[in-house]
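If you scroll down you'll find the structure; I have some questions about it.
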Amino acid sequence: MSDARILRTFPNPAPKRDYVIEHTHHEFTSVCPVTGHPDFGTIAVRYVAGRTCVELKSLKLYFHAFRNQGIYFEAVTNKICDDLGSLLRPRRLTVTSDWKGRGGITSVVTAEWKPRGGSRA
Amino acid sequence: MSDARILRTFPNPAPKRDYVIEHTHHEFTSVCPVTGHPDFGTIAVRYVAGRTCVELKSLKLYFHAFRNQGIYFEAVTNKICDDLGSLLRPRRLTVTSDWKGRGGITSVVTAEWKPRGGSRA
Amino acid sequence: MSDARILRTFPNPAPKRDYVIEHTHHEFTSVCPVTGHPDFGTIAVRYVAGRTCVELKSLKLYFHAFRNQGIYFEAVTNKICDDLGSLLRPRRLTVTSDWKGRGGITSVVTAEWKPRGGSRA
Amino acid sequence: MSDARILRTFPNPAPKRDYVIEHTHHEFTSVCPVTGHPDFGTIAVRYVAGRTCVELKSLKLYFHAFRNQGIYFEAVTNKICDDLGSLLRPRRLTVTSDWKGRGGITSVVTAEWKPRGGSRA
Amino acid sequence: MSDARILRTFPNPAPKRDYVIEHTHHEFTSVCPVTGHPDFGTIAVRYVAGRTCVELKSLKLYFHAFRNQGIYFEAVTNKICDDLGSLLRPRRLTVTSDWKGRGGITSVVTAEWKPRGGSRA
Amino acid sequence: MSDARILRTFPNPAPKRDYVIEHTHHEFTSVCPVTGHPDFGTIAVRYVAGRTCVELKSLKLYFHAFRNQGIYFEAVTNKICDDLGSLLRPRRLTVTSDWKGRGGITSVVTAEWKPRGGSRA
Amino acid sequence: MSDARILRTFPNPAPKRDYVIEHTHHEFTSVCPVTGHPDFGTIAVRYVAGRTCVELKSLKLYFHAFRNQGIYFEAVTNKICDDLGSLLRPRRLTVTSDWKGRGGITSVVTAEWKPRGGSRA
Amino acid sequence: MSDARILRTFPNPAPKRDYVIEHTHHEFTSVCPVTGHPDFGTIAVRYVAGRTCVELKSLKLYFHAFRNQGIYFEAVTNKICDDLGSLLRPRRLTVTSDWKGRGGITSVVTAEWKPRGGSRA
Amino acid sequence: MSDARILRTFPNPAPKRDYVIEHTHHEFTSVCPVTGHPDFGTIAVRYVAGRTCVELKSLKLYFHAFRNQGIYFEAVTNKICDDLGSLLRPRRLTVTSDWKGRGGITSVVTAEWKPRGGSRA
Amino acid sequence: MSDARILRTFPNPAPKRDYVIEHTHHEFTSVCPVTGHPDFGTIAVRYVAGRTCVELKSLKLYFHAFRNQGIYFEAVTNKICDDLGSLLRPRRLTVTSDWKGRGGITSVVTAEWKPRGGSRA
C-alpha cells in the first residue's frame, strides 16, 4: 500500500535560485480498482524546490508501493501531487501520469499543486 | 449508430483543482458518407472537469458506435465536442480528430467547446 | 495547368464555432521553371472556415493540376493562399509548402491570407 | 514517354571484381492507367556490373520520363528490369519498386533479371 | 460478410519471370467473435504469380468486407490464404496478419499456401 | 503465484498447415528474488501449433500471475517454455524474454522447446 | 574563399505580404582554423523578404565557397547573417548553424539580423 | 577533480549582437556520492555572450574533470552554472543536465544564471 | 583496474537446454591509452551457458572497473572475451563492443570465444 | 590529394582469433569529377585482420585527404578497398560507401577485397 511516509528529503542545495527538477519514473504500475487488471504508466514530477528536495531512492520506493493498490488514473495523479506538495512545500509542482491504457485508449492526467492562500498564476 | 446516451460519468475526485484529463482513442473508424469507404483516425479528448468526469469504458463504447455511421470529418469532430460538452459541462474541452485520409491527403480537425454565456477566451 | 475553378465548397457545418481544419497533401509535385526538373513537396492548408469549407476531393484535383506546371516555390505557395482565400473568405488561413529541394538544400515557405480591410494581427 | 535510349553507360572501372552498385530513386512518379491519378514510389536498382555501368544522370532522366505515362506497378518494374538488363548485360540485377499506393494498401514489386541461357552464381 | 467472389484477377504481365508482388493493407478491421469488440491489424500478402495477378481494387473491397464479421486472428489469416491460393494458383504465397491486440498482447499469424500434390522449392 | 493450470487451449483450426503464431506480451512484470525490486520486460511466444492453440485471454492471466513472484530472468524464460511445451505439444516453440534490466544493463534470454525423443526439422 | 558577391537576388513576388522563407543547407562544411580538421553542419536561413529574395542556386554556391576556409562556428554564423542582411535588407532574418562538433560536444549558434536604426523587438 | 580554472575564454566576435550559443556535451559522467556508481548524462549550456565566449576545448576538459568526482545531479548543475556565470558574465545563461538515472527513473535539472543586482525576468 | 576475479557465477538452471543469454551494458567507458581522453561504448555479451552463468551484478562491477583504464578498442573486446570464456567455459560466446569513437568515426569490434581443442557446432 | 602512404598500422593484438573490426566514417566528402559539386557520404570498412591493424587516426587523415579530389563513387570505393587490402593483407575486407547523392537518387557501392591467388572461407 502506498504511504507518503516512505518519502525522504534533503536540504535544497541552491535555495536562492529558482531552478527546475524533473524526475520521471518509466515503470509505474498499479491495479485497476474495477477489473483488477494491472495498469502501466509513466509518472513525471516537475518542481521548483523550496527548502527541501525529495530524495531519489525514497521516491522510487514510494512509487513501487502502488504496485498492488487498486486506484484510478485520476486518483493516483492527484494523490502523488498532494503527497509531494505537503512534503516539499515547493514553489511550483506539476505531476503528469501517462498511461498505456486499454482497448485502444491511452490517457494522460496532469495536476498542478498550489500552496493554500498562495498567489501563483 | 452513435448515441451520446451510452456515455457514463462519475464525480470529479478533485473538483477544487483545475487539472487536465486527456483520453486518446487510437482506433476510431467511421464511414465516408459519399463513397461508403471506411475512414480511420485518432480522436483526442482533452478537458478540465467540472463536477463530473467521463467514464472510460463508456467512452470507448461511444466511439465504437460510429463504426458503421456515414459522417464527415468535420461533423464527427463537432458532434463529439457537443456531446461531451453537454454531458460534462467542463471548464475547458478540446476535441481533435486526426485522419489517415485518402489520396495522399491527411486531415486534422480541432474544435473547442464553450459554455453558453461563458466567458473563456 | 492549375485552375482555381476546380475547387468546390460546401457549407460550414458549425459556422458559429471557430474550429481549425487542416488538410496536408503529401504528394505535391510541380516543375522547376528554369531547369524543367520535377520538384516534390508537401502542402499544408490550415484554416478557420467562414461560411464555406473546401471539398476534399476537389482540393486534391486542384493540387494535381500543378503536376506539369513550371512554377517557383514562393509563387506556388502564394498562389494557393490567394486561390483559397478568395474562394473561402476564411476567418484565418495559412499555407505552408515544404520542399525536398535540390543540392542539399530544403526549403519551407509559409504564407498567411488576410482579408482586405480586415483587422487580424 | 519513357524511352530506354535516354540511358547512357560508361566502362566498368573494376571489371575483374564482383562489386555491388545500388541506385535508389526516391521521387519516382507515374500515372495510374485506369484512373489517371498519380502514383508515387521509390525505385531501387541493384546490380553487379559486367562491362559497363549506367551513368547516373541519364538514369535520373530515364526515370523522369515516366512522369506522365499510364502504367501499372508490375509493368513499370518489369520494364525497368528489362531495359537495364538489355543495356548493361550485368552479372546480376534486381529492381524493386515500393509504392505509397491507395486506399490504405501499399505495394512492393521485386524483379530479377536473368541473362537468356545464362547461368547465375 | 467476406466473400472471395469479390476478388478479380488480370493476366500476369511477365509470366516467365519469378518475381515477387506484395500488397499490404494497413487498415484491416474485423470483430472479435467472443466479445464483439473491434480488432485492428495489418494484412500482408506476398506472392509469386502464376497465370494471374489479383486486381488491387477488388482486393481492397475483399478486405473491407470483413469489417463486421466475427472471426479469430488465426481463422482470418488462413481464410485469406485459402481464398487467394484457390483463386490465383500462385507459385508461392504467404499471408501475414499483424494485430494490435488487447490487454498488452500483440499477435502475428503467418500462413503459407501450398498447392496440393505440388512441390515447392 | 504463477500456475500453468490457468492456461486454456482450443483445437488448432488448420492442423494440416504448418503456420506460425506469435503472441508478444509487452507488460510483463515480476520481482527480483534477491532485491525484491520489480523487473519489467516483454515476453514473446512463437510456435507452430500441433493439435491445440493457446487461448489468448488465459495466456494473459497466466502472465499476470508472475506479478509478485520472485524469479530470475533465466528461470522465467525456461518455465514459460516448459509450461507451454507441456500443454501444447507444439511442432515448434520459442520463448524470448527481453528485460529493461538495471544499472545500465539490458538482458535477453531465448529458449526453444523440444519434444523428448522428438526430431525437429 | 567565401564571397558575398556570389549571391544573386530576384524581386520578391509578393512584396505586400509578410511571409516566411526558409532555406536549410544540410551539407555545410568548413575547416577549424586551429586544427585544420573539417567541420560539418547545417545552416538554416529564415527570413521575411523585403524587396528581394535570394536566388537558391547562388546561395548554394555561396555556401560551397566556405569548404576550405578556416573559420569558427560563431564567425561563420555572424558572417552569413551580415552578408544576407546587407544584401536583402529583409524585414526579418535569422541564421542558425548546427554543428556535429568534436569530442562528444555538439554546438548550435543562432543570430538575428536587425536593420540599423530599425525598431523590431 | 573539477576545477573552473581549466576554462579558457576568447573575445566575443560580435559583441553588439545578442546571439545565442549552445554547447551540448553528450558524454558527461560523474559518480554518485552515496553508492559510488557512475552516473551518465548530457549537459547543455546555452548562453548569450557578454565580452567573452568560452573556448570549446577547455570546456570539454572542464567536463572531463568531473569523471571521478562524487556529486549529486542538482549540485553538478548548479556548480556548472555558477562557474560559467562567474567566468563569462553572460547576458543570459542556462544549464540543463539530463541523466539516464537509475531504477527506471530519469532526471532533468535546469538552472538559470542571473547577474547580481541584475534585472532580467 | 579491471580484474576478472570480480566476476561471480551461479549454476546454469537449465543445463540440458541450449538457450541463449545476452547481457548488454549501455554505459561502458574506458580511457584512450594514447590521448587519455575518455571512450564511451556499449558491450554486448551473448552466450550459451555450460555449467555456470555469470552473475549480473558482478558483471556490472567488472565493467565499471575499466573506467579509468587506458586500453584500445580491440584489446578491451578480446580481454572481456577471454575473461568470460575462461570463467564460464560456455558452449558459445560472442562479445561485441560498439564505440562512439572520435572525429566522425565509429567502431565496432566483434570477437568469438572458442574452447581450445574444442569443436563448435 | 588522397595518398595511401598516410595510413599507419600496428600489430594485431589477437592474431590467432578471427575477429571482426569495423570503422565507419560518417563525414566523408569528395568532389564530383564532372560538375565540381561536393559529394557527401559514409565509408564503412569491415575487416578481419591478418598481422596488422589500421591505426584509427591515420585512417581519418587518409579519408580527409579526399576532400578536394574529383572522383566517382565507384572509383572511391574500389580505391579504398585496394589501398587497405594492399596495406593490411587482411583475411577478409569489405568497403561500403553510402552517398547522399543528387536529384533524388542515393547510391551505395560495396566492394570486397580478395588476396590474389588466395582462397577465402
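For reference, chains read A, B, C, D, E, F, G, H, I and J in written order, and residue numbers begin at 1 within each chain.
We take it that a residue touches a chain if its C-beta (ideal position, glycine included) is under 8 Å from a C-beta of that chain, and two chains touch if they have at least 3 such contacts.
What you see is a predicted model, and the numbers here were worked out from it, not measured in a lab.
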item	value
Reference interface D-J: repeating pair among A-H, A-E or F-H with over half of contacts shared	A-H
Whole-Å gap between the CA centroids of chain A and chain B	28
Chain centre separation in whole Å, for chain H relative to chain D (CA means)	53
Chain D and chain I, separation of their C-alpha mean positions in angstrom	45
Where chain F touches two or more other chains, by residue	27, 37, 40, 100, 102-104
Set of all touching chain pairs, with the criterion as stated earlier	A-B, A-E, A-F, A-H, B-C, B-D, B-E, C-D, C-G, C-J, D-E, D-J, E-F, F-H, F-I, G-H, G-I, G-J, H-I, I-J
Residue ranges of chain B touching chain D (in the complex, touch as defined)	37, 40, 100, 102-104
Residues of chain B defined as touching chain A within the complex	13-14, 17-27, 53, 56-57, 59-60
Interface residues, chain F side, partner chain A - complex	27, 29, 37-38, 40, 64, 67-68, 100
Touching residues on chain F, where the partner in the complex is chain I	72, 74-75, 77-78, 101-112, 114
